[in-house]
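Below, chain A partners chain B and then partners chain C, in two separate complexes.
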Partner chain A sequence: MAVLEATQTRALPRTMLGWVPRLAVMAGLAYLLLVRMPLDEKFAPIYADAAIYAIVGLSLNIVLGYTGQLSLGHNGFFGIGAFSAAYALTVREVPFALTFVIAGACGALFALVMGVVALRITGLYLALITLVFGITLENSLFEVSWLTNSGAGQPANRPEWLYSDTRFFYFCLAFLAVAVYLDFMLLRTKSGRALLALKENERVAEAFGINVTAFKLLAFVLSGTLAGVAGALFAYRIGIVTASGLGFNLALLFVLLTVVGGLGSRVGVMLGGLLFASLDYVLHETWAHHVNDFVFRWDSAPQFAVGFLGALGLLLTIVKYPGGIGQQIRPITRWLAGGPFTLHDDRDSGPAAVEGSSVRA
Partner chain B sequence: MSVLEVRDLSIRFGGLQALSDLSLDVNEYEIVGLIGPNGAGKTTAFNCITGFYTPNSGTVKYRGQDVTKAPPHVKARMGFGRTFQNVGMVKSATALENLKTAQHAKAPYDVASGLFGFGKTWQGEREMTERADAILDLLGLQHIRDQRVGGQSYGTLKLLELGCALATDPDVLLLDEPTSGMGPEESDELGERLLLLRKEFALTMLVIEHHVPLVLRVCDHVYVLNFGRLLAEGTPAEVQQHPEVVAAYLGGEAPEALAATVEPEQDLAAEAEVEPAPEPRKAPRKAAARKAAPRKKAAAEKETS
Partner chain C sequence: MSAAAGADLVALEVMAPAVTGLVQGSVYGLLGLGLVLLYKSNRIFNFAQAEFGGVAAFTWIFFDTGKGFLPDTPTPVAVVIGILMAVVVALITERLVVRPLFNAPKITVVVATAGVLLLLIAVEGFLYGGEAGSFPAIFSGDAINEGAIRVTNQGLAIIVALLVLAVASALFFSRSRYGTAILAVSQEATASRLVGISVERISALTWGLAGFLAGVAGILLAGSIGLAAPGSLTGLALVPAFTAAVFGGVTSMPGALLGGVVIGVIESLATANIPKEDLPGSGQVVLFVALLLVLLVRPSGLLGKET
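Entry: the complex of A and B
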């Protein structure tokens, strides 16, 4: 730690001059991301997935990061969003834009039910109940014939102007921007402060006049809405919704990308989404082109590798870096936001912040 | 007109009668002290009054309105500001954030418009920051404005907690041991501060306090609790002379000990907090045995954190 402190650079004064390098770096990053990114019809679906995952990550972050409740049932809200949007569009012939409202509302409704449960049960048992909720939905509602087109899958065709995958990626990005804005506003206003207060100490929150019950429900409803909308995007991304892709694996992936991305860190969660959306592709590519051809053949290796890397990332996050990717990049994000550049980090959040979990150093 | 009217309040925890038939009144613009040995039920009384516990019987009236069953956050909105025995604040947040969190109920915008950034959101946030700054100035805590609350000294925390209670814009302030963790000088300073705050904000206060000089200085009326029962009440001077009160604190009638309480330096009430075993005590030995019993009760009683 002493070494870290010794290498700390001096804080830049918060003058107009201090913003020049920051804006330059931001412009550089924007250039890299928006202009130099290899964006074509081949890569666009991966980026779209990344944006969708990022929305789910932000959604899960509200429940897991801000109120400290582990939900293993977010595949449920996500799936309900996907199915309700597809059903509304294809069977009921609802206008395209309205399907997102329906998906969000359905996600919110189911999340409200889950929130009512979470009022009574917390920690590990809530995690179990959400897990059962997700699995039950997968095997019940997602198998109902009118919803799933008799099991063949509910088609969700994009309107003509969105046929291009590149365009659809930008479409997802717009939704992500709205989600980021909502998350930003949540943290900056009284609702976010209320959530933090009730996560730390419910009695204190009550003494401050915060309606703990209402805000716990609000957290779940907000989370469910975002997950539902993300589900709708996912439906349009793959074009046909079936139960098979919406199982427990997906819930696990969501928790993984949120925790490894960094609980409580907006940028971290988004990077986590990008990481897990691209991991599959990257591994398949590198394996196919480098290992399989030159070392030895093992075609299913990438699938194992994804799980392995995910587990490794989770382990590293929990044991060494509780703030995940967000913690690693915080010196940079803090500097870009106008703060001083220091490697020292005084805020720690992470899995240890989840109720009923602990890590021995 | 009495601001708080508590009548026959009783509460049991399992086999423990934590409070039995407690009645007390707090009048407008009064500072009322609530004292008693450890485990006497003072904090339990606070929790019943502020809605954290629902009493088994009895009523709590606030300005004539029965609020016995109102939940804590509703009472906070009504104008009950309270502090906790072991500092109730959001430890990972800064002093400023805590003061803004405490203004939750008085925020000039609603949750939905806050989420979308509509209406008076930003203006409201600015107003809340200004009010928080004003409180920091008032308490002389401006230097910890942007520091995390978790790392501060206990005395500073107690003072900031008082600030948070003020930030809820209370009508009646319930302070649970506001001077714990403070030295005698700081405690005296706090006494002056309480009088000043009462004047400035037209506050009514109910204070649990062990620091006798402070009680003598600021309280208009004192209630003494022992084993969940009201032992005595009256002006601080009257209570101090009350033989049963002296007996409760020291165990047995000891005239010289009674004389000792009159001297402000002799903080007998604080002494009652000290573990009885190791050091020699002025009080007779059986007093230690009597005090040991309430201490067990104190452990059983769920104190607020």
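Entry: the complex of A and C
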């Protein structure tokens, strides 16, 4: 009982006064990230990308973070979402809102097919087969002429009220909010706890009466649905969908942002999305305006710098800091949530146990 | 249709792609051999395997053309430096990435090798630039050139390299102390430690060998295509090499070689005979189907004894 009281008091600041600085910091961050930056039309597309990546990150987190299975084929689900939305809107003239349903359904369908196969193939082989799946879609389905407007790319024009990039960012943000909510609810349910149990030990989970195959399939389908919807958003973000840019590199980028963001950490994964969406722009800007002009010319550098830093971040995350960004910013997020500000990690209470999970766990 | 015309058609649609596939498949076999080696010793898939070959190819071309401050090196020396570079990169990977993760789940190590792949592509890009550059064949001229069927000397060299390395590795693993030690560690690491085998040194040795095989494959492949950009060798050969390894049974070295040749021929035949309008990327689709079939029907592969 005493222990319980201790955790309860620790979860809240001692006085209501303690909330004042926390709310101030939260408001400041929210203003900066959700209002100040996206209102600049120059940054708005990057922020839209960040929101889209964050949705994919959450999607991959379900498979990789919760159930511990590696998918290198999420570019496939993402691409299917993008193409099906663009095709439905432009060729079949389906209403705009419905295209997201179609994209999600197509993503789910492909994930289901892939997942049925994956029931018999686990671990390393699953990583391999999803890799080949993604590459095959890129080279085959995404090159079929009726889908790609004879190879020119399938247009996906936003409706008039979404022309502004800032508005489109808020539109993506709404989707992200729904995705976060769904993810949050998923972990609250029996299914969510079953998924987490799978990651720890499949055999033990099975012994407790969890239908391992069914829940793996569920995780895959949920993940595919989210990735498909994110793909639809991406289609409207760029306006024309082609196979280029939907290849293995994209699958790697998704894995990067999820692992570097921090597996199992919602905030971390979303920050990973923001990081990798803006990295390219930041590097190009700093390089073009400062290093190339004043220090020395090195034109090929910015093109590869994202991959370099991303890969370095990934290796550091895996080898040294398994919790990723989510783990590193734990003191801040915990303080914002009302806890004390300490650098010591405690993973004792409820959802925090999920927050602290890692690639190596 | 006359018999002669029919024979020509067979030559064009079956023989010529089959011969191309044989050469291509030998490269897959070489890379697949390295993948099998690493799977046997570490129980992981190395996604950076083809890019080790890329490292060798770029190092070779840097020295061969005397880029930057590098001396203009004769081709044979440059080739040796290239292969050595692949070995070094593989050893560094083992030391800095794989060894710290000895006790981590295998899937983590696999993600890490994907990170190594990205890192290598980025470094190649920094040094070489993003554009594809020309890679001259080391062995010029044609060995066979009869109508549609053509084998370059480079292609012949690839097949010979595959055969030589296959025999050499068979001897190495059956006769030499280190070869048998690698096999012992792959079967039972703890027991091997007990009889005095250093598991760490064996792991380093395996990665070095895998780097060597990839280096040979990468230099020969880049020269045989004539063009390469950072990451292009991975895009071209990684998936077929994996398919070859799985096809032959992922723990069987003769299986990987056989699988490589089979996969190369199948892919080449599909690409040559299925029009792009009917099915774009047909070679890739055939690989995917082959991989699925093997994993679902016979997960231990053609020659594998364990899954």
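As a working rule, the second predicted complex is superposed on the first by the 316 of 361 C-alpha atoms of A that agree within 3 Å, B and C clash if a C-alpha of one lies under 4 Å from a C-alpha of the other, contacts with A are read in each partner's own complex, and residues count from 1 in each chain.
Note that in this section a residue touches a chain if its C-beta (ideal position, glycine included) is under 8 Å from a C-beta of that chain, and two chains touch if they have at least 3 such contacts.
Because the structure is a prediction, the values reported are computed rather than measured.
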| item | value |
| --- | --- |
| Three-chain arrangement built on chain A, chain B and chain C clash or fit | fit |
| Residue contacts on chain A - larger count, chain B or chain C | C |
| Touching partner for A:Ile135 - first (chain B), second (chain C), both, neither | second |
| First, second, both or neither for A:Phe308, with chain B first and chain C second | second |
| Touched partner set for A:Leu252, first chain B, second chain C, both or neither | second |
| Which superposed partner A:Met185 touches (first chain B, second chain C, both, neither) | first |
| Touching partner for A:Arg92 - first (chain B), second (chain C), both, neither | neither |
| Contacts of A:Val144 with chain B and chain C, given as first, second, both or neither | second |
| Partner chain in contact with A:Glu200 - chain B first, chain C second, else both or neither | first |
| Chain B and chain C, minimum CA distance [Å, superposed model] | 15 |
| Footprint overlap on chain A, where chain B in one structure and chain C in the other make contact | none |
| Touching residues (chain side chain C, partner chain A) in the complex | 44-45, 96-97, 100-101, 104-108, 110-112, 114-119, 121-123, 125-126, 128-130, 230, 235, 239, 242-243, 246, 277, 279-282, 284-285, 287-288, 291-292, 295-296, 299 |
| Parts of chain A lying in touch with chain B, wherever the complex brings them together | 181-182, 185-186, 188-191, 193-194, 196-197, 200-201, 203-212, 218, 222, 346-347 |
| Residues of chain B defined as touching chain A within the complex | 50-52, 71-73, 76-77, 81-82, 84, 88-93, 97, 100-107, 109, 111, 114-117, 121, 125, 148, 164-165, 168, 304-305 |
| Residue ranges of chain A in contact with chain C within the complex | 68-70, 72, 117, 120-121, 123-125, 127-129, 131-133, 135-136, 138-140, 143-145, 248, 252, 255-256, 259, 298-301, 303-305, 307-308, 310-312, 314-315, 318-319, 359-360 |
